[in-house]
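When the chains are written out, they are named A, B and C in that same order, and each has its own residue count from 1.
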Amino acid sequence: MSTPRNALGRRAFLANALVVTFASSRHALAQDQDKKLPQSLARTPELDAWIRVGADGTITVFTGKAELGQGIRTALTQVAAHELAVSPGQIDLVTADTARTPDEGVTAGSHSMQDSGTAILNAAANVRALLAEAASWQFAIAPSRIEMRDGAAHAPDGRQIGYGDLAASLSLEVEVKLDMPRRHGGKPVIGQNLPRLDIPAKVSGGEAYVQDMRLPGMLHARVVRGPSDGTRVKAADIAAVGKMPGVVKIVRDGAFMAVVADQEWRAVKALNRVQAGGWERPSPPIPAADLRETIHRLPAQDVPIFDYPGPAPPADARSIRVRYSRPHLMHGSIGPSCAMALWENDGMTVWTHSQGVYPLRKALAELLKLDLEKVRCIHVEGSGCYGHNGADDVAADAALAARAVPGSPVRLQWMREQEHGWEPLGSAMVVEMAAELDGNKVASWRHDVWSNTHSTRPRTAGGLLAGGEVDPPFVPPRPGPIPMPEGGGGRNGNPIYALPNAHGVFHFVEQMPVRVSALRGLGAQMNVFAIESFMDELAFATDNDPVAFRLAWLKDERAREVVQRAADRFDWRRRGAGGGGSGTGFAFARYKNLASYCAVAMEVRVDGDSGEIHVPRVVAAVDSGEAVNPDGIRNQIEGGIVQSLSWTTREAVAFDKTHRTSFDWSGYPILRFPSVPGRIDVEVIDRPKQPFLGAGEAAQGPASAALANAVAHALGMRLRDMPLSPERVKAALRPAPVATKQAAG
Amino acid sequence: MTRGGALAVGIVFVCAAGAVAAIAFAWHPAIDEITPPAPGSFDRYLVAEGEDLANLGNCAGCHTSEPSRPLAGGRALDTPFGKVFATNITPQADDGIGAWSSEAFGRAMRRGIARDGRQLYPAFPYDHFTHATDHQIAALYAWLMTRRPIAGRAPEPQLAGIFAFRPLVAAWNLLYLDEGPLPTDGSRPSQWNRGRVLAEGLGHCSGCHTPRDRFGAEDVARAYDGAWTEGWYAPPLNAHSPAVQPWTPEELQTYLHTGLAPHHAAAAGPMASVTRALAQVPEEDVRAIAVYISSLMADAPASKQDKPQPVDRLAVAQQQHPEAATLYAGACATCHDPGAPMMQQGRPVLSWATPLHEASPHDTVRVIMQGLTPPGGSSGPTMPAYADMLSDQQVQDLAAYLRTRFTDKPAWSDVPAAVAEARK
Amino acid sequence: MITLTVNGQAHQVDVDPDTPLLYVLRNDLELNAAKFGCGLGQCGACTVLLDDKPVFSCLVPVAALGARKVRTLEGLPKTLPAAFEAEQAAQCGYCIAGMIVRAQALLERNPRPTEKEMRTHMAPNLCRCGTHMRILRAVRRAAEAMGGGVREEARIGAEEK
């Protein structure tokens, strides 16, 4: 662009120029579908909704996404700092707050970098360009000759103007323009291992979580419920509880009940006193202790998830058909869900660790019968959630309690047993796989998956626990299948392999015997477990090396590289023969076939006496597009692998007819230090200038399948039902009962 | 006569008897060594049966000291006469039993004589195993010989004086070893008889639950009258059972299979390892044991009582032990009080907890100080250990408080000693 | 009024005597590090040092403390926290304060633990994010910084083979 020097005011000119360029970009948008605004920007295109530059040079960046311990605060700060050419320390990042930040829905599905990262990258590029243009007026030189760095515009002759001064002459009340060139040259911030900004407070006892919030005059509350979903406490001597020392209020609305006290321990004591009245189950009984069979049998709506064409297999094709399954799983946050709520001036403010402050606000407004503007939800970090846990429900509980004590902030935290008993579980799943083999080629492929919904996230009051308890109760929304390509139960059911004549169906089971919702990866962990186990079974059936077999069907170049790198780093070619309790396994997936690529190679040793699986070594390779913070990606992948090993080797929610019996860590054990792998080694493959891809849910599926494949290699037999618990391993090692032996002759 | 005096007389007697016995009975030929048979030579189904029996007898309970070295022995067993060490029973040829033929193995199980002809000490309960059937012994042999061979020999026993003289055991055998199968009691159902063979044979329940006489043998006159094992008290399983609620076969089966009974308590100490092993035993075997053992308690007070009401003398306990009442409210009530979520899950109230009703406070104190832990990765009753959270005095007070509040039995007298011992 | 000594300082608090120490630390002394995770002695999020032993503060009634000294993460030397920062050993971080306190007890007692001793010692503390590998790295790093170290590499399931 040349430097205009006419009499027009700079502002007027800029405004005009922006209008013009914006108009042309709109035009371009209509013509070119590929250039459409990324989702978050389409919803909130105003630049100043994302970035503001203060007169003193401070830069505030707004994101609708929330820090969940995945390091998004740091990564987004890096993106903004990089594009704005400032140090990360100059950026103040404001996360999800209905009064301040854009509405970016829920922080889930490994979307944050893709959505918010891309939005902020674009917004920052816009702001930098505007600042440079403003500087070009002041310096009277072409913008291309101006260097933007360290929060100032620099002219070649040494003159400089700070961003604050430039911003004073600039309005950011404009819409974001696409295709702004990315910054080039200068010190990069993207791609650096910037230490996580949230960690210092977390290792020093700083105020880091909503659980740590203290407001003046704060009261403590506990919600009263039966032991798990579908139950309720029986009437207790409420009057006596009300007289307990420190009890300020007993809040009741229909079946909803909470105790509010001056001190937290007193609220706990009051809660236990109410619970002593016993409980009952008004809901229908839970059909079976192992619900996967139930879910496999219930009526289902069949939703096709993929159809890859191909010639019909020959008549003499060999066919293989197997079934895999997983039980209900718990999110199991280490910190029980917690919220702070304040009812003041006819408005409700809730500090919450919900993954979606905007949807929560809508549900709360309906529950409290308030206008949307009267409810404000502010995200404050909580303990890791791994999906839809008790965060939203506890926010509603706190809000109802706070409304009963106007002017006093109320902190309400669930007890451990409430988190275990009431959090919506990850659905049990069953997958049937079938294939036909023509010689050693796959001639057909069939994937059938059964499960309940994978999201009952609250968007209305009926989606909140308390919503179903108040009088009159709100009706829970009817769940439906999430469409592909994201998918719910069908997520990652479509194989990335270029298989001929392949078809998949999601058998969506509407009826939920127990409360379920989104758990990290939704259906992906199960589908990848099934596909990647099945690939190994087919490789075995065709006498192929599992890695070579995968590569033979893998056309995506990035996928191939990830597989190859993991195999090389693991030294797959020199792996042992397997058997005798020692084995190696490999698995790969691209999350949703849209996000990160991740391959995992694993070594196991199975102790035949105890049935325990030891994991001496894990190697993973991951491609998340342009790596904003490689160590952050590594952290996510390491964590995903360990969590997945816990799911796959020991976790299963247990029930009896009346309730969940996995009520604490003794009833739902998770992996502890003595059982974690000897080593985990993660290679991050950087793809500069490629779109950011989320990595938070990339590792779970491949890690589960790599484990199952390694165990099959070690034992010479395959376990297809999760968890691969010591009991299952030992049972598998035992010969069938004598009766079968005789039958087998 | 004092205990010490009796012991002295006993020793003299044993010496004399031993001298005779050593000549007459103590000599046994060695049985030839064999090359360890290939694991594949055993019938897989027999091996699987053997695994169940090994769990039933909880072989690993004594013969495994390091989880990574299953059955390789080394675990020290304290006896009144000194320490003996469980031997290596893996099929390793030099240190284990790899060179033992099935005949040698059978002789050891039945008569307590090692392959080389030496007497085994009766800490190895061959006085029970002798009742096992031939088939059971063959199955156990098949299972043991197909385990992973592990090198390493158990230390020699450290026994005081005369007891180190192995041939003496021959005299013991003469007195106490009642070889061979148990007769069937025709007046009892077959399930009971089966349970008896399992419980008295490989299960060797009375090994812990029957007091021993001065020669370390079970005092048959006081069978199942309760005894001490590794610092824990194994309560009576006869008419003296201190249980408040009756041990029905169902209740006992649940307990043996899961380590937790809805109207009693959680298995602790050595019994925890027994129930863990029994969890893997076929249900009908555990059921048979439960039928047999519960029949022994038919005359216990709990079995006669119609519907026992839980004792909860809150006010008395509070008044007698005010400080312990605070400890209880802050440290125990979140799990054990009526409104606690653990109680919502149907866990037994403390009023039913057998240890509180035992004559000695040892088990109560040990559970408080050492807690309960299921094996890594498994679900099961859990209780944190309070040894580092409470002082000795506080544990003593708490034990006294629990006894006062949840039982109507007299206060314990020797709590400090029990605390000191658990602290060791 | 109950008196307790935390991080070398005596405090008086006005709470019910059966109140578990955890609630007093968090609500009365406004110390954030120890966290409520289960209140049952199962997760270690609330770990503090009582004299020199790591204990679950959720199960210690404040009246039971007597003259015993409480140390929380806030009062510990900075070696371990610095090592956790250096290794970026946190995801959500909710478990981390408890982890550091438990590790401190180990290294005070045994500056040169084996890998296995370290893992066994840390077993009472849960982490759901799967940060274990980094936590172990951080403890190794801190042990070295304190002049000790963790002996030998992890050899998982490798015994007897």
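Everything below uses one rule, namely that a residue touches a chain if its C-beta (ideal position, glycine included) is under 8 Å from a C-beta of that chain, and two chains touch if they have at least 3 such contacts.
Because the structure is predicted, anything quoted here is derived from the model rather than measured.
Judged by the touch criterion defined above, the protein chains are all mutually in contact, each touching every other.
By number of C-beta pairs in contact, A-B leads over the other of B-C and A-B.
Centre to centre, using the average C-alpha position, chain A and chain C are separated by 28 Å.
A separation of 36 Å divides the Cα centre of chain B from that of chain C. Between chain A and chain B the centroid-to-centroid distance comes to 49 Å (mean Cα coordinates, whole Å).
The set of chain A residues touching two or more other chains comprises 268, 415, 607, 664-666, 671-672, 674. In chain C, the positions touching at least two other chains are 18-20, 39-40, 42, 123. Shared interface positions of chain B, i.e. residues touching 2 or more other chains, are given as 68, 148, 333-334, 376, 382. Chain A meets chain B in the complex at residues 226-227, 268, 271-279, 415, 417-418, 421, 607-610, 612, 649-650, 654, 661-669, 671-672, 674-675, 725-727, 730, 734-735, 738, 741. On chain B, the positions that touch chain A within their shared complex are 44-45, 47-48, 51, 60, 67-68, 70-71, 147-148, 280, 333-334, 337-342, 344-345, 374, 376-382. Across the complex, chain A is touched by residues 15-16, 18-20, 23, 26-27, 30-33, 35-40, 42-43, 45, 72-74, 81, 84-85, 88-97, 100, 119-120, 122-123, 125-134, 136, 153-158, 161 of chain C.
The touching residues of chain B, counted against chain C in their complex, run 68-69, 148, 150, 323, 326-327, 329-331, 333-335, 371, 376, 382-384, 386, 388-391, 394.
For chain C in complex with chain B, the touching residues are 17-20, 39-42, 50, 53-56, 59-64, 66, 68, 123, 159-160.
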